Amino acid sequence: MPRAPIEYRDASPKVRAVFDDIKRTRQVDDVNNFWKYLAHDPVTLARTWQSVKEVMVPSALDPLTKEMIYLAVSVTNGCGYCIASHTAAARKAGMSEAMFGQVMAVVGMANETNRLANGYRVPIDPAFE
Amino acid sequence: MPRAPIEYRDASPKVRAVFDDIKRTRQVDDVNNFWKYLAHDPVTLARTWQSVKEVMVPSALDPLTKEMIYLAVSVTNGCGYCIASHTAAARKAGMSEAMFGQVMAVVGMANETNRLANGYRVPIDPAFE
Amino acid sequence: MPRAPIEYRDASPKVRAVFDDIKRTRQVDDVNNFWKYLAHDPVTLARTWQSVKEVMVPSALDPLTKEMIYLAVSVTNGCGYCIASHTAAARKAGMSEAMFGQVMAVVGMANETNRLANGYRVPIDPAFE
Amino acid sequence: MPRAPIEYRDASPKVRAVFDDIKRTRQVDDVNNFWKYLAHDPVTLARTWQSVKEVMVPSALDPLTKEMIYLAVSVTNGCGYCIASHTAAARKAGMSEAMFGQVMAVVGMANETNRLANGYRVPIDPAFE
Amino acid sequence: MPRAPIEYRDASPKVRAVFDDIKRTRQVDDVNNFWKYLAHDPVTLARTWQSVKEVMVPSALDPLTKEMIYLAVSVTNGCGYCIASHTAAARKAGMSEAMFGQVMAVVGMANETNRLANGYRVPIDPAFE
Amino acid sequence: MPRAPIEYRDASPKVRAVFDDIKRTRQVDDVNNFWKYLAHDPVTLARTWQSVKEVMVPSALDPLTKEMIYLAVSVTNGCGYCIASHTAAARKAGMSEAMFGQVMAVVGMANETNRLANGYRVPIDPAFE
């Protein structure tokens, strides 16, 4: 039997503290299913949230660029949940439909040329070494 | 025996025309190994270049963002040639070391949480549907 | 139209022999959908079962460890059916919720650091060669 | 320290029997490195060879088609050894340079459209169900 | 909210032109969902269709072989939509149930031996270089 | 030009602190190349080490089992560096050659049956839901 999501009202204080920080940081009323399922392992929940929070903070790259990269990886890996949630997150961060189309076009192209490079066994150019 | 790269001097007119367009578009003196190997199949060479050229043109996303997404996909797929060539291309388009570090951090995180979502069998939130 | 599962009552003698061996070996009343679908190709069914049976037998590694490795691969590949069936199999072999959480944590971490090693193009240490 | 290949002269009788069968079946003087490394685990060596032998035998598909499919999977997975060995095997089975180019073109295209289908979250057409 | 498919009656002239060419080329009454979703980005729609059309045309390889390679890649990547649509396309091109079983057997075997080659760190045979 | 490893003598105090903790925790004289390259991004270095340290600590699973799962994922992803380093780490944690052979056998089998489940489009058994 698969796990059920752990809702705030049923969560331990440790889990609630993480949920509270997610809601505060993201300015949302509730956390996504991802966190409600990770809550089955409070140590992994806390570490994963701390890592995501640190990685996704605006820095050398803005949040929109980061979300589009997150989406590009999720599409490459074929993770259905992650495609849905990071499409939503990227839109919230400002991704337009035209930008989405461009992300998909680049992801598609990269997946194609990655295999052409593999199959033709292309050696790395000295200029890249 | 693996293929050898096809150099400009040995290329057919059809291949030379593609090489010329790559050099003109990218303002470079010679094309990368990727194109010299694809030249074994002039039809695929021409189509792939036309597609890459169309996809990587500045549009809703700037060339730097596109190159970083290309790199993120290549790292996820573990394509050694593509990681080397698109790291170089992204740097040429303006990627700083700090930006590179951020791309890697997001790619790493996305590959981790993609698997956590898979393993916990997280259902898509109604809000994303 | 997708295939339908082949039930025992409708199976050929060759398929029934495999089903019988699965049920006997695993002490179960019926075989999983995986086998009922593979039954469309009795040769592949028989070979796959023989191989799984040989690989999963207790040996240098115990069945629980093997099932957790099977689950880790399935999560990495994002195979929904396999994640569901091998989570169930690992639990039957003794995987606790805490163990499941640890498998996921390691799988997540490995998928992250695999990409960091790719992206930073880390050369293999002489000590590992 | 990585393993060394196990050569025929140093092999156990069980391993020699497999090597002999490979050489006889494929009409070759020596086995590839793949088998010399798998020989560190004689049970896996024997099972893998039996399976490969059974799968690659001419049947509903001819050996050339099978080798091209093997190559297509290896290119998609980015397995360097497998790309080299199955390119060689496919050539031996009759793959021309033009055929190789077509395999690569299809593999590239499939890897691209697989991601477009993922990213656009395309639902399966009722006609395919 | 996910995108909706774009039906012919709601499509722009540019999109209709692509849909018309797909229907004419494939002799079908309507296009698959894949194209109806890609229609959100008419440039990607047109380029992808031109590429697929060029790649899948009978040439050094016949359409059935190409469709089976397409299916093999889609199964390796675990793309649910693509597995459904290319199983249908391969059947239409003449793939029998026995052929389907053989494609699956080869794909399974290749995915297994790709990992054995990775894990045993098998160096490429000089004969393949 | 690829990055160079950052050696202890050239490292900033922040990086040295992480290197010191790795050496102390693992009882080693020097850190692996992985950490010397990640040192180009001290924030990612520190976070990744903290995460790895937390995940790989003995808990519901012993360190040997965790290292074998790490290896299984690395082999599935085809990460050359990670296969080399985690084979070494697993051996240090007690993995015998027989155990290594079993890990590879399970990884191979899982990668095969993952694709058979994909290709045959096997629906999840009600018992697993």
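Labels A, B, C, D, E and F are assigned to the chains in the order they are written; within every chain, residues are numbered from 1.
Following the convention adopted for this analysis, a contact is a pair of C-beta atoms (placed from the backbone, for glycine too) under 8 Å apart; a residue touches a chain by one contact, two chains touch by 3 or more.
Bear in mind the structure is a predicted one, so any value in this text is a computation, not a measurement.
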item	value
Neighbouring chains shared between chain B and chain F, ordered by label	A, C, D, E
B-D compared against C-F, more contacting pairs	C-F
Remotest chain, chain F as reference, centres from CA atoms	E
Most widely separated chain from chain B, with each centre as the mean of CA atoms	C
Candidate from D-E, A-D or B-D with the same interface as B-F, over half of contact pairs in common	B-D
For chain A paired with chain E, centre-to-centre distance based on mean C-alpha positions, whole Å	27
Gap in Å, rounded to a whole number, between the CA centres of chain D and chain C	21
Residue list for chain D, restricted to those that touch at least two other chains	2, 40, 43-44, 48, 51, 55, 76-80, 84, 87, 98, 101, 103-105, 107-109, 111-114, 116, 118, 120-121, 129
Contact graph of the chains (line, ring, star, complete, other)	complete
Chain D residues within the chain B interface of the complex	78, 84, 97-98, 101, 104-105, 108
Of all residues in chain B, those that touch chain A in their complex	2-3, 32-34, 37-38, 40, 44, 48, 51-52, 55-56, 59-61, 65-66, 68-70, 72-74, 76-77, 79-82, 84-88, 96, 98-99, 101-103, 105-107, 109-114, 116-118, 120-125, 127-129
Chain F residues within the chain B interface of the complex	2, 40-41, 43-44, 48, 77-79
Chain D contact footprint on chain C (complex, rising order)	1-2, 43, 47, 51, 54-55, 129
Interface residues, chain D side, partner chain A - complex	71, 75-76, 78, 80, 83-84, 87, 103-104, 107-109, 111-116, 118-121
